[in-house]
Amino acid sequence: MSAPCHCKHSDDGASNGNALNVLSPELQQEFKDSNHPANLICELCRLFYDNNWVTGTGGGISIRDVDGENPNLVYIAPSGVQKERIQPWEMFLVELPDEKILRTPNDIPKELTKSYKYKPSACTPLFMSCYTMRDAGACIHTHSQHAVMTTLLYENEKEFTISHIEQIKALPKLQYNEQTKKVEKLVIPIIENTPHEEDLTDSLQEAIKNYPGTSAVLVRRHGIYVWGETVWKAKVYNEALDYLLELAVKMKLAGIPLVKEDS
Amino acid sequence: MSAPCHCKHSDDGASNGNALNVLSPELQQEFKDSNHPANLICELCRLFYDNNWVTGTGGGISIRDVDGENPNLVYIAPSGVQKERIQPWEMFLVELPDEKILRTPNDIPKELTKSYKYKPSACTPLFMSCYTMRDAGACIHTHSQHAVMTTLLYENEKEFTISHIEQIKALPKLQYNEQTKKVEKLVIPIIENTPHEEDLTDSLQEAIKNYPGTSAVLVRRHGIYVWGETVWKAKVYNEALDYLLELAVKMKLAGIPLVKEDS
Amino acid sequence: MSAPCHCKHSDDGASNGNALNVLSPELQQEFKDSNHPANLICELCRLFYDNNWVTGTGGGISIRDVDGENPNLVYIAPSGVQKERIQPWEMFLVELPDEKILRTPNDIPKELTKSYKYKPSACTPLFMSCYTMRDAGACIHTHSQHAVMTTLLYENEKEFTISHIEQIKALPKLQYNEQTKKVEKLVIPIIENTPHEEDLTDSLQEAIKNYPGTSAVLVRRHGIYVWGETVWKAKVYNEALDYLLELAVKMKLAGIPLVKEDS
Amino acid sequence: MSAPCHCKHSDDGASNGNALNVLSPELQQEFKDSNHPANLICELCRLFYDNNWVTGTGGGISIRDVDGENPNLVYIAPSGVQKERIQPWEMFLVELPDEKILRTPNDIPKELTKSYKYKPSACTPLFMSCYTMRDAGACIHTHSQHAVMTTLLYENEKEFTISHIEQIKALPKLQYNEQTKKVEKLVIPIIENTPHEEDLTDSLQEAIKNYPGTSAVLVRRHGIYVWGETVWKAKVYNEALDYLLELAVKMKLAGIPLVKEDS
C-alpha cells in the first residue's frame, strides 16, 4: 500500500506540466481537475502497481462519471500498456447504454502518444457487465497474487467463503442478523479462466446473477473483478477484499478454517 | 514502513494549499502547524495505510492535546472513511471528561467535505477508555494482519506472551529484575471480538483493569488497540508490538516457542 | 513495486540540478531528456532497488538506443556501484558490433565522480549476447529472490515451466493454439552459476540458441537475465516473469503443481 | 527497500528549511552539505526504517568522518528516539581515541530539541569496538527480522554459514581460491544477547578477534552489527547480508541446506 503524496505541488501532478499544451483547450481544462475520472484512473493505477496488482501491464480500472453532468460516460484504460505510467489523455471514453466511442487516445496529438495504436482494455465487456447489471460507478480488475493463490488453494471450490473476521464489515450487504446475532459470512463466486479475457463475460454475468449480494467475482488462476457505487467505494471494497484474501491464504496454509462455527 | 517525506515543501503538505481558504482564519492558523494533532492524525494515517494497518477504512487514531493549552481536548478521526486521505478539518474535537463535542466536520464548508455526513469513529468509546483509565495521550487502533494471525494461531489463549527478544525492551514497564537478572516477559491480553465495535468497551476496560502493566489489548480476529503517554510514544509502542507480532507468527509457524525457559 | 513520482518537478530529477554544470554542453543537453537511455537506466535502477532486485550493488541494466539516430549505441551501467544512486554520466557508452568504447565515466570531471575508477558491469558480455543474438533493445539482470528460490526448489531441473496462469500472457511468443485450444506453457531455461560472472557467457548463449522462444534465462543460485525489443518491453517481461516466479515459489511450497494437465 | 528521492528540491531536504536559523552559522554551514555524516545518518535511518530494520526506536548507525579533515571524528545517533525522524543537530560528536565528547544535542537551542534530554546510543561501546579494532568508517546496527529469525532457526549454532549464492560476492574478503576453484563460504559469528546492550561489548570484541575476515556479528534474538571501511561500504555489506539472511530463512524453512557440497 502507498498513500498518495500530499505535497502541495503534487496537486498538479496529473496535469503533467507542459505536455498538456498540445491538447485542445477543452481537454486541458478537464485534466486540470485532479478528481476528473481520467486523472483518478492514473492515480489509482500507480497505487495498484505499488501493491503488485497490475504489474506487467496486467489488470485495469474503469470509472463511470457518476458525479458528472452525464453519468452515462465511462472512462476505460487502454489495453497492454504499463498501468503505472498511463496519462489522462490515453483513456477511451464511451457512452452507455450503446457503448458509443466518444473519444479515443488514437485522436490525441502524436507528440503525446508516439503513434502507439491503442485498443480499449480487454476487460471492457466485463466492466460493461458491472455497469449495466449492477449500476456500478467503477470497476477494478487486479492480478493480485492473494486472489490467484486463494483460487489455487481452493481449486475445487466454486466459492470463496470466510467468516468472523472484522474486516468483512467493510464490505456491503453483509447485514447483522438480529435473530441469529450474527454477521453473515462473506461469499465471493469463483469462475474459471478462459484463453481470451473477453470470453469470461458469460460466466461473469452468470455469477453476478447468481450472487445478487456480491461486489466481486474471483477468476481462477487469474485475479479478481471488484465494483462499487463510486470509484472510492470500489477502491475500498477491493482493499478490504484483498486484505481478506491475503489473510485467507495465511489461514489456509496454517490449517485454520476460514469459516468458524458459532459456539 | 515508510519514513515521512523530508522535502522542504512537504512542511506545508498538511495545509493542502488553497483548500484552506474557505476555512475560518482561526482554523487556517491552527492547521498551518504540522505538529497540530489534526495534522498528525492525517500524517500517521498515511503511514499506517502504507503498512496495511488501516486499509479499507479499517482502524483509526485519536490524539489528546497533551502539550496544548487545554490537555482535555481530544481529536478523533471520522468513521468509515479512507484513512490515508483524511484532512485535518475532518476531525471531531471533544473535551474530556464529559466528551462534549466542540467541533464536528459537519460544520465545515461543504466545498471541503462534499456534504458527506460524518460520524465519529466507532472506536470512540474504546479510545475514551484509554484516556480516562490510563491518562493516555493518544490511542491507535489497527487491523494489522500480524495481530489477527497471532490471535488465530493462539485461538484458545487469553494472552499473548513473548520473551527474550530484544525489541521487547522498546515497550514500557518491563523492568530488568536485578534479583533474577531477567527482563520480564511481555504479556498482552486478548479479548474476543463482538458484532459491533462499541460492544468491545466492557471487555477492553476489564482487560485494562486486569493488566495494569499493559499498553495494548489484542482483539481476536480483529486487530489491536495501543496507547501511550504521547502520540509519539503510542506510535513507537505500536511499531514495536507489530514487529513482535510479526516475529511471533513466524516463530509459531516454524515451531519455535515464544517463551524461552531461562537456562 | 513503486510507481514513478509524477510530481511536476521530478521531470528534471534526472538532471540533478547544478551538478550538470561541470559537464560539457553536449552532455548537459543530452541528460535534460528524461527519456535518454542514461536517465532511464537511473530511473529503472531506483525502481529495481525498491523491489529488492539490485540491492548490495547486485544486478544491472543496459539499454540500446533503438529509437535514437544510431541504434548501435549501447549504454551500460558500471560495475560494483550502488545501483539506486547511479547518475547518467556514470554510464559506459559502446558501439556495436565491435563494442568500441565511445565514452567512459572515467572521462567525467572528478567533481562528479570523486576519482572513482569505473569498470563496465561484469554482465557486459552477457548483455552483448542478447543484443547480437536476439537484436534486443535492452537487457535486465536481477538478483530477485523469487528467481533464486525457484532455481533452488527445482535444483535438478534445467527448465522452469509453468502453465495456466493469466500473467503468462504478458510474455511474448506464447501463442494461442487454435487446434488444441490451449495457450502454450511458459518455459525458461536454467543455467548453472559460475565463480566469475563473465564465465556465464557460453552457457547463456547456448540457452539462447536452444530456446528460440525465450525472453529470459535463469541462473541457478544467482538471478535472472531478461531482454526485450525495447527497454519498456524488457521491463514488462521482467515484471511479469518475477510475478510468475513469486507465485511459483508459493505454489511449490503449498504443494500445487506448476503445470496443470488439461482436463 | 526504498531508493532516495531524486527530486531537485530534496537536495536541501536535510537542511530542514528555516529550522536551521537558530543554529550557529558554523553548524548551519555544515548541515547544508547533504554528504555531511550527520545528514547521511538521517538519510540512512529513514531508509532503514522503510526496511523494518529500526522501527520502534530500535537499531542505529554511527559514521566516522574518514573523508573529512579529522578522520577521528565520530558521529553517533542518540538513544531511544524515532530513528526515521532524527535531525542532523541531534547527533553526538566524539573524537577518537579517547571518545572525548565534542558536541551533544543537549547544547542545541531548545526550539529544535524541545528540552529532550539526549543520551548517546546504547550501541556506542559496540560501535567504538568496530572503529578501534577494525578501523571501520561506519557501523550499522539493525533489528532485522531476517537476522533474528536466522539466529532462532539455528538456535544451537555459534555461526551462520552459507555458500554458493551469488550475492555472497558483494561481501569482502571472500577470495576466489584458484586451487580449489571455489569461492569460499561466508561465515558470520553469532553471539548471545544480554539484558543490557552495552554488556554485548566483550563478546562482540571476542567475535571480532576470532573471525578476522568477518564484517558483521549476529546477536541472537536481537539483530546484527555490520561495519565497513566507509559508510557506503557498510551500507552495501548490510544490504547484501540482509538479502542473504532473508534467503537463508526461506531456504531453511523449505528444507534446502545453506551450505552446498561441491560436486
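For the reader, a short list of remarks on this structure follows.
Order of writing sets the labels: A, B, C and D. Residues in every chain begin at 1.
Heads up, the rule we're going with is that a residue touches a chain if its C-beta (ideal position, glycine included) is under 8 Å from a C-beta of that chain, and two chains touch if they have at least 3 such contacts.
Which chain is which protein? Per UniProt: A, B, C, D = Methylthioribulose-1-phosphate dehydratase.
Keep in mind that this is a model prediction, so the values were computed, not measured.
Using the mean of the Cα atoms as each chain's centre, the chain most removed from subunit A is D. Averaging Cα coordinates per chain places subunit B and subunit C 42 Å apart.
The distance from the centre of subunit A to the centre of subunit B, each centre being the mean of the chain's C-alpha atoms, comes to 30 Å. Contact with two or more other chains is made by residues 2, 5, 7, 9 of subunit C. The touch graph of these protein chains is a ring, one cycle where each chain has exactly two neighbours. If you check each pair of chains against the touch rule, the ones that pass are A-B, A-C, B-D, C-D. On subunit D, the positions that touch subunit C within their shared complex are 1-9, 11, 164-167, 170, 176, 181-183, 232, 235-237, 239-240, 242-243, 246-247, 250-251, 254, 256, 260.
Of all residues in subunit A, only 2, 5, 7, 9-10, 12-17, 42, 45-47, 49-52, 55-58, 82, 84-85, 143, 145, 148-149, 152-153, 155, 193, 195-196, 219, 221-223, 253 touch subunit C in the complex they form.
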